[in-house]
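Letters are used for the chains, namely A, B, C and D, taken in the order the chains are written, and counting of residues starts over at 1 for each.
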Amino acid sequence: MSRLSRKGLKEDLAAEQSEDRHDRMEEACGVFGIFAPGEDLFRLSCFALFALQHRGQESAGIAVSDGKTIHLKKGVGLVSEVFTDLEAMKNKPTVAAVSHVRYSTSGGSRPENAQPLLIEYRHGSLAVVHNGNLINALELREFLEDRGSIFQTTTDSELVAHLIARYGYRDLEASLTSALPHLRGAYNFLFLAENSLVGVRDPYGIHPLSLGKWKGHYVLASETCAFDTIGAEMIRDIEPGEMVIIDENGLTSKQALPSQRLALCVFEYIYFARPDSNIHGKNVHLVRKELGRRLAREHPAQADLVTGVPDSSLSAASGFAEELGIPYEMGMIKNKYIGRTFIQPNQKIRSLGVQLKLNPIYKVVEGKSVVVVDDSIVRGTTSQKLVNMFFRAGAREVHLRISSPPVISPCYYGIYTPTYEELIGSSRAVEEIREQIGATSLGYLGYQNMIESAGLTESELCTACFSGHYPISSKGRENYDEIRRL
Amino acid sequence: MSRLSRKGLKEDLAAEQSEDRHDRMEEACGVFGIFAPGEDLFRLSCFALFALQHRGQESAGIAVSDGKTIHLKKGVGLVSEVFTDLEAMKNKPTVAAVSHVRYSTSGGSRPENAQPLLIEYRHGSLAVVHNGNLINALELREFLEDRGSIFQTTTDSELVAHLIARYGYRDLEASLTSALPHLRGAYNFLFLAENSLVGVRDPYGIHPLSLGKWKGHYVLASETCAFDTIGAEMIRDIEPGEMVIIDENGLTSKQALPSQRLALCVFEYIYFARPDSNIHGKNVHLVRKELGRRLAREHPAQADLVTGVPDSSLSAASGFAEELGIPYEMGMIKNKYIGRTFIQPNQKIRSLGVQLKLNPIYKVVEGKSVVVVDDSIVRGTTSQKLVNMFFRAGAREVHLRISSPPVISPCYYGIYTPTYEELIGSSRAVEEIREQIGATSLGYLGYQNMIESAGLTESELCTACFSGHYPISSKGRENYDEIRRL
Amino acid sequence: MSRLSRKGLKEDLAAEQSEDRHDRMEEACGVFGIFAPGEDLFRLSCFALFALQHRGQESAGIAVSDGKTIHLKKGVGLVSEVFTDLEAMKNKPTVAAVSHVRYSTSGGSRPENAQPLLIEYRHGSLAVVHNGNLINALELREFLEDRGSIFQTTTDSELVAHLIARYGYRDLEASLTSALPHLRGAYNFLFLAENSLVGVRDPYGIHPLSLGKWKGHYVLASETCAFDTIGAEMIRDIEPGEMVIIDENGLTSKQALPSQRLALCVFEYIYFARPDSNIHGKNVHLVRKELGRRLAREHPAQADLVTGVPDSSLSAASGFAEELGIPYEMGMIKNKYIGRTFIQPNQKIRSLGVQLKLNPIYKVVEGKSVVVVDDSIVRGTTSQKLVNMFFRAGAREVHLRISSPPVISPCYYGIYTPTYEELIGSSRAVEEIREQIGATSLGYLGYQNMIESAGLTESELCTACFSGHYPISSKGRENYDEIRRL
Amino acid sequence: MSRLSRKGLKEDLAAEQSEDRHDRMEEACGVFGIFAPGEDLFRLSCFALFALQHRGQESAGIAVSDGKTIHLKKGVGLVSEVFTDLEAMKNKPTVAAVSHVRYSTSGGSRPENAQPLLIEYRHGSLAVVHNGNLINALELREFLEDRGSIFQTTTDSELVAHLIARYGYRDLEASLTSALPHLRGAYNFLFLAENSLVGVRDPYGIHPLSLGKWKGHYVLASETCAFDTIGAEMIRDIEPGEMVIIDENGLTSKQALPSQRLALCVFEYIYFARPDSNIHGKNVHLVRKELGRRLAREHPAQADLVTGVPDSSLSAASGFAEELGIPYEMGMIKNKYIGRTFIQPNQKIRSLGVQLKLNPIYKVVEGKSVVVVDDSIVRGTTSQKLVNMFFRAGAREVHLRISSPPVISPCYYGIYTPTYEELIGSSRAVEEIREQIGATSLGYLGYQNMIESAGLTESELCTACFSGHYPISSKGRENYDEIRRL
């Protein structure tokens, strides 16, 4: 019970948040909610999760209310692995549902962090899902622990559930209204009570959350591609700080928290979101094409062909090619069956050039001067392998073009990024990076061009990882007085 | 959020507690704890759980502290199914461990109720296991919910964890000392903190909990058969109301709660415990033999042979036979490979006499007058089948002898029993029961003889299911004033 | 393709046959067959396999004919693990079925050896199961390979299927009649064709095979306990060399091979069979009691109590006790949940006395002079541990009594035994063995007493492992001329 | 044993061959072989199978010889599901390996058909893998059955193994040379003996088989993308009718069967092969671009953009766009996480427009005249849904362009196609098809243009599905006289 043990936990939590796992910016989680009494909500949620699977592959879960009880099914694995049998819920009545996909960590996964989180409290049952990251999670947790709370997970969902239970108003809305001011960070929360569905988006709207309609019923999803998949119609984005309460009386909206501005994560456009999703009115694919076009104008190249790193950079690559009138080519194939295998090339084999995931088309690049468009450089190791792969395939020149500026600062809002030291863009000049990577030339998209591609103003975007300007202060300013009385 | 939904939960909890699943009294859970820095505690705990597996087959779990962090592995299934790979913990340092087997429900199992429960609170991590049942669980839960607690399971372990966290003294011992007076019911709790192991037994000592020593280190277990299995030595039983704190300074004992008397569950001797376990100085097998001997004196029979229903009634049957000088015979075989199969005879096949689990030895019983000794009659349906089976095997007479009195009252202390209405002993005379069952004669052991067989005084035993006298008042008398200030 | 590679296989096969795995004689396989059009044969077969599970735990399989096609389900594991869903065959028509449990090897299991073997040949489909062992399997295999046969398993079933297909008469019976004279060894074969079931027992009847009736339909099983389990009635044992053909016309019996004598494996009575089975009119439990009685007369002991090693030696122990009038006691408990766990005590823990499987009841044996009855000594290591365990539990004297003579010769007829060198009985005198084992005294049942216990004449039994007299010559005498023309 | 039962099998086999499962032409299987003593062949084979996974997702298997014994691991599922642990083979010596991925059937999979097939015969062990289809399989099977062969699978590999064993020469090469003339159809076979690897391609070379080199060792693979993945170098294609024997003496090639001409399956270029593979010197992606270019010239369209159906039609679409100077757009997203889920939209949900697999990018196609390029039309139902999807997404016009001619004849060479009746191209005029599909316009690539795109002459291709001209006569012409003597 020493301080040491306590420190153990905090360090563990911190480690989990900053853990440097992949040489990619990586998204945390996707959420989906629906209020549609009498429909096959288990199945529908499952389909929506399929559409959001790119936002998280570690675990998946669905909670469905039958009006009296909330039924939960969740597990570690892909949606197709967790939900192998939909018959369990077959003939049960249904009212509403929330569901979740969780980001896939490479190493140990914590099964207890799988969502939805289902709790019982004084007013019944509550299922919670979220994506994003509270930056004052540790403070809140300490505060709650000091007041006698116990924690079984390290999720923000559990934090919020505690606040709701402690405020304890009969109306979930009232408790939430009291609890939300204590949260600092990026978040979308969906709450499922026995007979209602509530969604809330942080006051900066860091991550997307959209409202749609399916057969006259309301649905909420991290990305609009989930709407297309189930045949729902997009209505609008949830506003920063907005809370929507959906129940048998329809939808009620209120501004739960004052919002100074939208600060939408620009990386959603650059990398995370699916190309067929629309965020705040902009189609992701089209934004990426524009990123590519501007990149081409900023860093043109004399080359025989332009190719993109599949799948995330194909849009930008086609924009780049169009802009310069250079042929856009499929220069590289991605093996879609890899992904989650536990069989890794050992060092001996790796050194012989095993390339499981990506393979250039030799006949396309042989003897050619190639522009390779990628979406970002994080630590630089992947880029180096990539360039190397093209040279080994016979490319004469490899002009690497990055459809975003150098990443110089870590993200605290739900994206996994390396630390400052590991971010190659934070400490080295472009020429140094080019040299290390081995590319013939290297060009990053300019900051201003990135902003303009998205069609939003700088003030409507969170560009912290490129600019170091964080929309949400990292210093705590919460008034804990009120909560202290809990 | 209506009252309805809340009722849903309460009913669910109540249903879970009274659920009538089998025509046997059925035990809930076994616990094991060890404080032995540097030893392979994961493996040792696993072996101990094997020895306790008869106390619960639904789920199994082990929590091991390495001095800073508590590592947890648990799952639904037998010990051998949950712990298929012990290598995970292989080279990790270890300090102490708690582990658990949970009673196997026939229908849906709740994976979230698997133990140990691992929580984080203001003073670090805590793993909790328990067996038994708090009779004021619902009241406590409502009380805690009204103070803003959230619940993720329906276990008593979570209730106690909340109380500990709310008291929140730096010393776990202090918090426990404050929390324990609020608990009413039968329980053994083991708590694992980063550097200590704490065990506590309810003030009536309803279920057994023993202290042993292994290589100079302290161990705690529901039954002493776990000590034999790992090569540990029995020291003594934990006293009613006693709390033992085991850490690097050795063992400290304190009387955490005043105890008026031991009220040990007499059914532990009759049916639950393993014959090789010793409880409060009495060997289970020998007590059962004595039950049989007294049964023989009370209800002798003129018969060719005596046989027991395997495995639980063999000891009593041999005592019965010895007393009367009638040959003790293996008259029935139990298939040890059944147990957990999901393949059940359908009605059509059942009616043809499929008997998967038990089979009389025809050549032994043919033409014979047989005494069949069983440990108890709950609803009577099993006894009827049993008698029928022996007659079909050719027995001339089937004298059923029960090594306990009629079960007339349900148990609220952690044993699954049918309701009053279903307890055949609560509403019918012995002759009526005999007639329904179809036995040639029927004899129950007398109440006083049962008491004397165990070698304890009546006041040292809980005999509620036979007498209707419950040692712990079912009415709440807790002073919630103090806790109210939490 | 060198001789070497060929040798590789032969050695492999030989190794598999002589492999010394456990310090027990171990049985190979159980079979079950039923011809009952329109019944739920999948389910019934499953129940029968449960009853035969003690004869093999490695794999299980069921083949059911619907009159046109034979459907097969088999896999590695216990019956309850392989058959988790019986609904697959739910509404399909059924005519007949054969099923099988295979002996559990400790190390690598060969999934391709799981039975039934299902083949297609010129006259349709054929499912084959067997138990026992052909001693000329390698010769037959070489012969068939030299004629161009390919093999996918190392089972005798595949050998016989090849012979049937090569003879190729339209009538399975005719092909079998031609093929059987080529087989030398111990075997029971069941064949399932689309519309018939055929069973055949080797001319010495080494292993049991019984005929029963269920609802007017014929059934065949390795042991009669399978009949009891499904509610079938025993009719008679299949005779040595008898072939029974069961189809819509009922049962036809023919003497497929001349039989000089029955040479029933005496170890079936001593150890393999279930106590509730009857073999050639003798109940296994009663034979074991008689073994114990004669053992008591031959090697009495002055002792306080008699106990048996569970489960196989309990019958003999009770006979021993009855004979001498010494109390028969439950002196030892067997953990029924062990069995197939992969978690083994490592050396360090083992040395501390972990005893997972068997545990003496200390209070029963403390300070006592104990007779421990076991069924056999194979290598002696188990006996040593056993004796040690009783002394550690406080026994004053441990008199080990073995209900069979010393095992001096290996078995070639389907039982796994160590080699001559490893059989402690083949090279050492009884006193030497006693000394090594550490028992106070040691007594083996005499050969003649063993014979007489079974109630059969010496010439009706195979006692090769005790006498070295093998009923079936190990030298080949087959006339391969006819088969050569195949 | 009636004719009926026999017919049952034949019908079953026939059904399996003609089964109409998907509205796509579907490929059967991929093979890989390597002879590289001392290397980690299990791991390498695994990586190669990952690269070939698109050729079959039902089952996967690897057989590795250690010089004396062949070790086999295979199972139902994806490569990543079957090979979860490569450590089993870790420190074993290795000489050579063959491996296989099998085409995924939608419904019941036959686990016993998983490859490699491992058999023992007179000269040792043999592992066999194949892709393609023997059109005289039933005749051969009947012939062999009439000679006394038994079959345990319905694979061509087992047929060939029987022939090899029956010829039975000490040299595998000699047996194969005798056996091969009996085979009629499309095939690539790889054989693994203890110390050699043999590959053979049918005399028309219907399916691709390439030879490569890895660290000085020879490798064989269905597609060159497997070479890139493991870092091997392409050497050349195996010639039609060529047999290569690879052992410690290096590679020996012989013309095992006379070949009149190459008749390479044109569908390998159109649809099956991975774009980064090269077949007979032509890169698949580049051939597809050329198909698109010629399609554009043949059936131009006035449109705002060109898009392809992912993933197989993207190459052709880009060629089409380039040719006409119309923008090539990503107009549709394919969900890469679907694939093998068992959760299907039920009729009710399907009718609401659930589109799990493909989703148009609404913002890209809204109000636009769109050219959609697809690779083929089989039954037409998929095309109809596709066109519908684009219109629902707001497209003004949907011009469907198919980069191959109408499919008018079924394939008998290892590709799953519907029957004549179901092939929409075999019975309807293009305008009728367009009408049914609902496209604004429809254009198929002309036959001659298809031929010329591939860069091979018509006589070097198998175009049977487009022309009805089958290179291999469907009538039997084998001389069975020789084989009859087997």
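In this text, a residue touches a chain if its C-beta (ideal position, glycine included) is under 8 Å from a C-beta of that chain, and two chains touch if they have at least 3 such contacts.
Predicted model only: the values in this text are computed from it and were never measured.
K.L.:
List the interface residue numbers of chain A and of chain B, divide the shared ones by all numbers used, and answer same when the ratio is over half, different when under half.
P.N.:
same
K.L.:
Need the most distant chain from chain D, centre defined as the mean of C-alpha atoms.
P.N.:
The chain lying farthest from chain D is B.
K.L.:
Starting from the mean Cα coordinates of chain B and chain C, work out the distance between those two points in Å.
P.N.:
37
K.L.:
Between chain A and chain B, what's the gap in Å when you average each chain's C-alpha atoms?
P.N.:
Comparing mean C-alpha positions, chain B is 47 Å from chain A.
K.L.:
Rounded to a whole Å, what is the gap between the Cα centroids of chain A and chain C?
P.N.:
60
K.L.:
Tell me, which residues of chain C touch at least two other chains?
P.N.:
In chain C, no residue touches two or more other chains.
K.L.:
What kind of graph do the touching chains make: line, ring, star, complete, other?
P.N.:
Topology of the interface graph: a ring, with each chain touching two neighbours.
K.L.:
Give every touching pair of chains, nothing left out.
P.N.:
Every pair of chains in contact is listed here: A-B, A-D, B-C, C-D.
K.L.:
Going by the contact rule at the top, pick out the chain B residues touching chain C in the complex.
P.N.:
Touching chain C from chain B are residues 40, 43-44, 46-47, 50-51, 53-54, 57, 78-80, 83-84, 86, 214-215, 225, 228-231, 274-276, 278, 283, 285-286, 311, 314-315, 318, 322, 327-330, 332-333, 335-343, 345-346, 348-349, 352-356, 359-364.
K.L.:
Which bits of chain B are touching chain A when the two form their complex?
P.N.:
1-2, 4-6, 8-9, 12, 68-69, 117-126, 142, 145-146, 148-152, 158, 161-162, 165-168, 170-172, 193-196, 486
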